[in-house]
């Protein structure tokens, strides 16, 4: 049976419903929203973990430094998202609150997986209960748990996996190919940042200005959410662009 | 797939639902409401922040000074809106209450971003829960936080960005072109007001009488919501109109 | 796109829904109900404020003096309505309760704008929440706040404006033309009543008997809801009719 | 636009919805139910107030004296109804409870208007809230307030008016013509009863047996709900019938 | 307009909805369920009151004496039903509970009318609230109040009347004709039982075995719910059958 | 009117709705589910009561002794079901809880009818309330009350009857014919078991292996839920099969 | 009647609804989701119980050891699932919580059947209540209760059975054939693991790398959830593959 049939017969017009071949169409459509979102990349390595995203700012009147696409959940946990930004914010604020409550209650930092599970459970609920739509957002959540860097991806279904390196958004497929070839677990944080920027340059090309990049790292030892400074990012971007030009 | 198909197949007739290409059509229609609303302009500069709106009063029996399209959220925060006015009022009153509660609870003024996030979260909720429609309104929210002027725009989706200068409503595109060309961060509040009035004159033309303009500024130093007095506004309008005539 | 399309495609059959061009059709239909309602006129002047309405009693068995279309909200506030009368009553009783509660709680009279905002907020809610229809009623609310007469109009959307003089109901457009030409802010209450009665005569013509008119004034100094006595009203009506006849 | 269109397009299949010309069709259909109900008549005069109804008993096995179509709300208040009888009972029992509560709380009888407003408000609610249908019943409510007889009629919309004399049900129009011609405010209670019975005879003709008539009066002085005794009613009916025959 | 139209246009597919001619179709369909139910007969006379029903047992494996179609509500009140048996049971259990509560609270037996009104009100509610269907059952409720026998019938609408004698179910019309001809208020309980059995024989004919009859009487003096013993019933049935045969 | 019409017109697509001929179609469909369920048989006799069911295990990997299709509600009460097994489990667990609560509260065993009524009432509710579907299950409930064996059957409607012997599920009609011919109230428990097994053999034939049979008896004197041991069952099955072969 | 008809007539577009032939189509569709899930195998033997699953990881960037498809419910209970993974997680977390609460409350381990019943009841609820969809997941739950190994399977309906050996997911049928032939109750845990791996190799073939297998055993004596170490698994997989190659 072809997708067109499903549409004509209305299986995709109620959230909490299976199509005759066992699919949840509303959830599949939500994933398409994610595929149209801006690209975000996460890389785990021994030294720590990095997130690097395309802010995709096209309006020049926007204050670029105000646009943060990478959110601090806790000192040791960062998150980014592709898809409906306001959906992402709801999930991020929930995670921030949960992390804070954990710290107050147990006097110890929350582990990354607990944050991921909480977000994933809320997402699952929105695929099963009537009167709600699925969240139109995939997220990369990166953290250091007891000196181990961890990177998770969760999609609109509420499924999550741990990754060595991952990409979400419009350039997901292209970036993952690059990551697969060039990611090494023993790379340094600096090398990971370079790899991520290179992947963005490859997919966005010349449109990628410094204002569009948001990049954050957390070192395994320090466990501190740190934004990469502009100077350094500028240098890395310049190198990546010149390298890309040579290839042609 | 073309929009017409979506309509014929009913994807736009339930709020909490994705279309097969991952869009939330009801939210997109709500944005059209905003595009039909009267124009509102916000400009941030070092000296402070200004909001300037077309009240679009056409009924001569209305008491023009009673029509305020720029609302005081707190001493240091102002807001304006385009779209369904009664929707805007609900959000403004909520923001006023939140600001007041913050003052009473913490004995310090609320920061602008907290107000923006609260409004944006309510808007997001109305795009995800059944039985509610999205808010048919975009807002400009301007405030001074610790001597820094900030200007935010939030749309029916619940997304928000910080802007150097921004416009919403029917003349959004034309005004933003003007702002992009002529906005400078080191302009004075007086220059910002002139720029905003000029932009309104350019788009509304001779129909723009003094009664249709509402204009408010907050100085970085004083942090006081202040309406521009009629005399001054009259002078600026006259200049802008004469300038516009010369151009022809 | 033409209205017919909207109807065929069902955008007007669920309240909390936008049409593809960004309209809330159920709210627009509710406004049509108002346009079929009986005419009501409000005039503000220095001496105070008047409301004058066509009771539109056609059934001769009705006790005419029992039919009040102008409601006392508080000593200093009056209201009238066009559209679905039972909808209006719900709003009037809510306003009366709110005014009473204010008096008891703060030991001072409520200001007119607070009453207006409360009614408008309830109306807005009924345009956004599923399971409720919009209120099919527009209202004129007139009051004296600290020696200043104020006249507000609120429509089914929940929007409100302050007017110098206003009309609602079937003859809205004709009456507003008359008001625009002949209203002066320095007219006396007596002159305002005459203007209102004249406007009713012009639109209803000979069908306008004394039994059909309800007229109330509140003087700026006394702040007392007062019904115009029959004798006076009779005289004014006679004059207005004879004047109207001369014009022909 | 013709009613047929409304039906074809479904505007009459959801209660809380306006048709494009601003009508609430479900409420209009409920009024048709009333027009098919048995006739009920109320007459106010100086001496007091009377209600007279056709019980429309056709089943000879029914115990006629058990069928009361005129209900005692309180000592000084009576009510009757046309339309869906079980709907009427719900409203009558609510009114009886409200009257009783008032007596207990304030140690004084409730005034008729309070009873009427309470019923009318519930009716209005059922025209605005989803998940409920309008009440399919019109009511005549008659009472003596501080020596003044009052007669109210309320319809499915929740609108009410005070009448000198009124009729509801299938013969409404014919009876109201008779009332308009022959009602005088200074008629005695006996004359009022005769007028009501005559009106029933005129419309129901020979089918009107004594068992079908329910008739109650409340005297202004005594304020006591009193059923007219069978003997008297029989005599009046005989006279009315003979008079009717002469006219032919 | 013909019923077929209503069906085609969907007026009968939502409970709380009027058709354009003011009917509640779901309630009318519920009445059809009753018309397909087994026949039940009630007769009031001076000596007391009887209920007699066809149990309509066709399955020979059913324990006939376990099937009671006449329920004891209280010592002095009995009830029977036609239509959906499980619906009837819900109403009977509610009535039994109400009677018990009354006895405990007031230390006196409940009157029959209170029981009837309570059942009728619940039935009415189910014709007005969304999310519930009407009760598909008519009931005969018979009781002795202060030495007066009373027999009530209530239908799916929630309407009720007091009867001298009444029938519900498939043979309603035929039985009522017999009752009309032969019922006398001064008949003895024995004569009433004979009349009821005769009516059942006339309509069910030879299929009416002793196992299918349930018959209960309450004497005005004793006020005790009593089942007619099998021996007596057998004799009456035999007589009735032989009489019926002679008529042919 | 034919069933097909009902389907085309949608009367069977909302649970709480009557069709124009007064039927509840969703309940009728639920009964079809029962007719496709595995066969279960109950027989009451003086010595006690037996239940005997086809477990219908076809998957050889299932642990046959773990499959109990006859459930112990209390020491003296057993139950079995045909239709949706998970629906049955919900009802069985509810009954077990109710029996336990009764024992704790009153220190005496619950009677079988109370258990039956509780299950039947929940079933009725699911045929009247929106948002729930009818239970797709019929049950046989067997118990000993004060030395009297009782066997009840309840269907998806919530109707129940007491039986001498009964069958539910796919072979209902065939088995009931056998029961009707061969059941005697004075048969022993052993004879009842043999009769039930014989009926299963007749309808399931050679497919009926010992693993598929679940058989329980409760003696009137001991009031103890007892499973028939495999050895005995094996012998009875062998006899029944050989007898069946002879008949051919 | 053919399935196509059901679809055309909409019986499969509301969860809580029977089709005319007594089926719950939404539940049947949910079962199809399970049939598309990755294969999971459970085997019970005297020595204990094993679960073995295909993790079906295709993305090489996923951290394979982080993907656990077999979940620890308690020390002595393990579970795995096929179908929608996020649905499974909700059920697993519920089971873990229930097990923990049992330990705290009764100071003894929960038995496996209690865990199974709780999951099955929640699944049943989601097939009967409106506003929820069925869980799109089948589960294998394995535990040791008082030295007895038990293996249960529960499907989307909420039905469960105890198995000697069972498979769910895409290769269910093929694997069950293998299990039926080769399973013996007296096999050792090692033999059971080999049998399960062999079955996976047979169905997945060369695609089955060591990273895709998750395998857990619980010994009857130790009652400890234990993951099979990679070394051992590697060896078993190598053997199974070589054996498979020989067969060709």
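Note that the chains take the letters A, B, C, D, E, F and G in the order they are written out, and that residue 1 is the start of every chain.
We adopt the following convention: a contact is a pair of C-beta atoms (placed from the backbone, for glycine too) under 8 Å apart; a residue touches a chain by one contact, two chains touch by 3 or more.
Computed from a prediction, not measured in an experiment: that's the story for all the values here.
Visitor: Which other chains touch chain B while also touching chain D?
Guide: Both chain B and chain D are touched by C, going by the contact rule given at the top.
Visitor: Can you give the rotation angle that fits chain B onto its twin chain C by Cα atoms, in degrees and rounded to the nearest 5?
Guide: 50
Visitor: From the C-alpha centre of chain F to that of chain G, how far is it in Å?
Guide: 31
Visitor: Need the CA-centroid distance for the pair chain A / chain D, whole Å please.
Guide: One centre to the other, that is 69 Å.
Visitor: Could you list which residues of chain G touch at least two other chains?
Guide: 10, 130-131
Visitor: Which label fits the chain touch graph of this model best, line, ring, star, complete or other?
Guide: ring
Visitor: Report the order of chains around the ring; begin at chain E and proceed in the direction of chain F.
Guide: Order round the ring from chain E, first step to chain F: E, F, G, A, B, C, D.
Visitor: Help me check something: in the complex, which residues belonging to chain C touch chain B?
Guide: Listed in rising order, the residues are 9-11, 14, 16-24, 117, 120-121, 123-124, 127-131, 157-159, 161-166, 176, 179-180, 183.
Visitor: Tell me, which parts of chain F touch chain G in their complex?
Guide: Chain F residues touching chain G: 3, 7-8, 10, 12-13, 15, 25-26, 29-36, 59-63, 66-67, 84-87, 89-90, 93, 126, 130-136.
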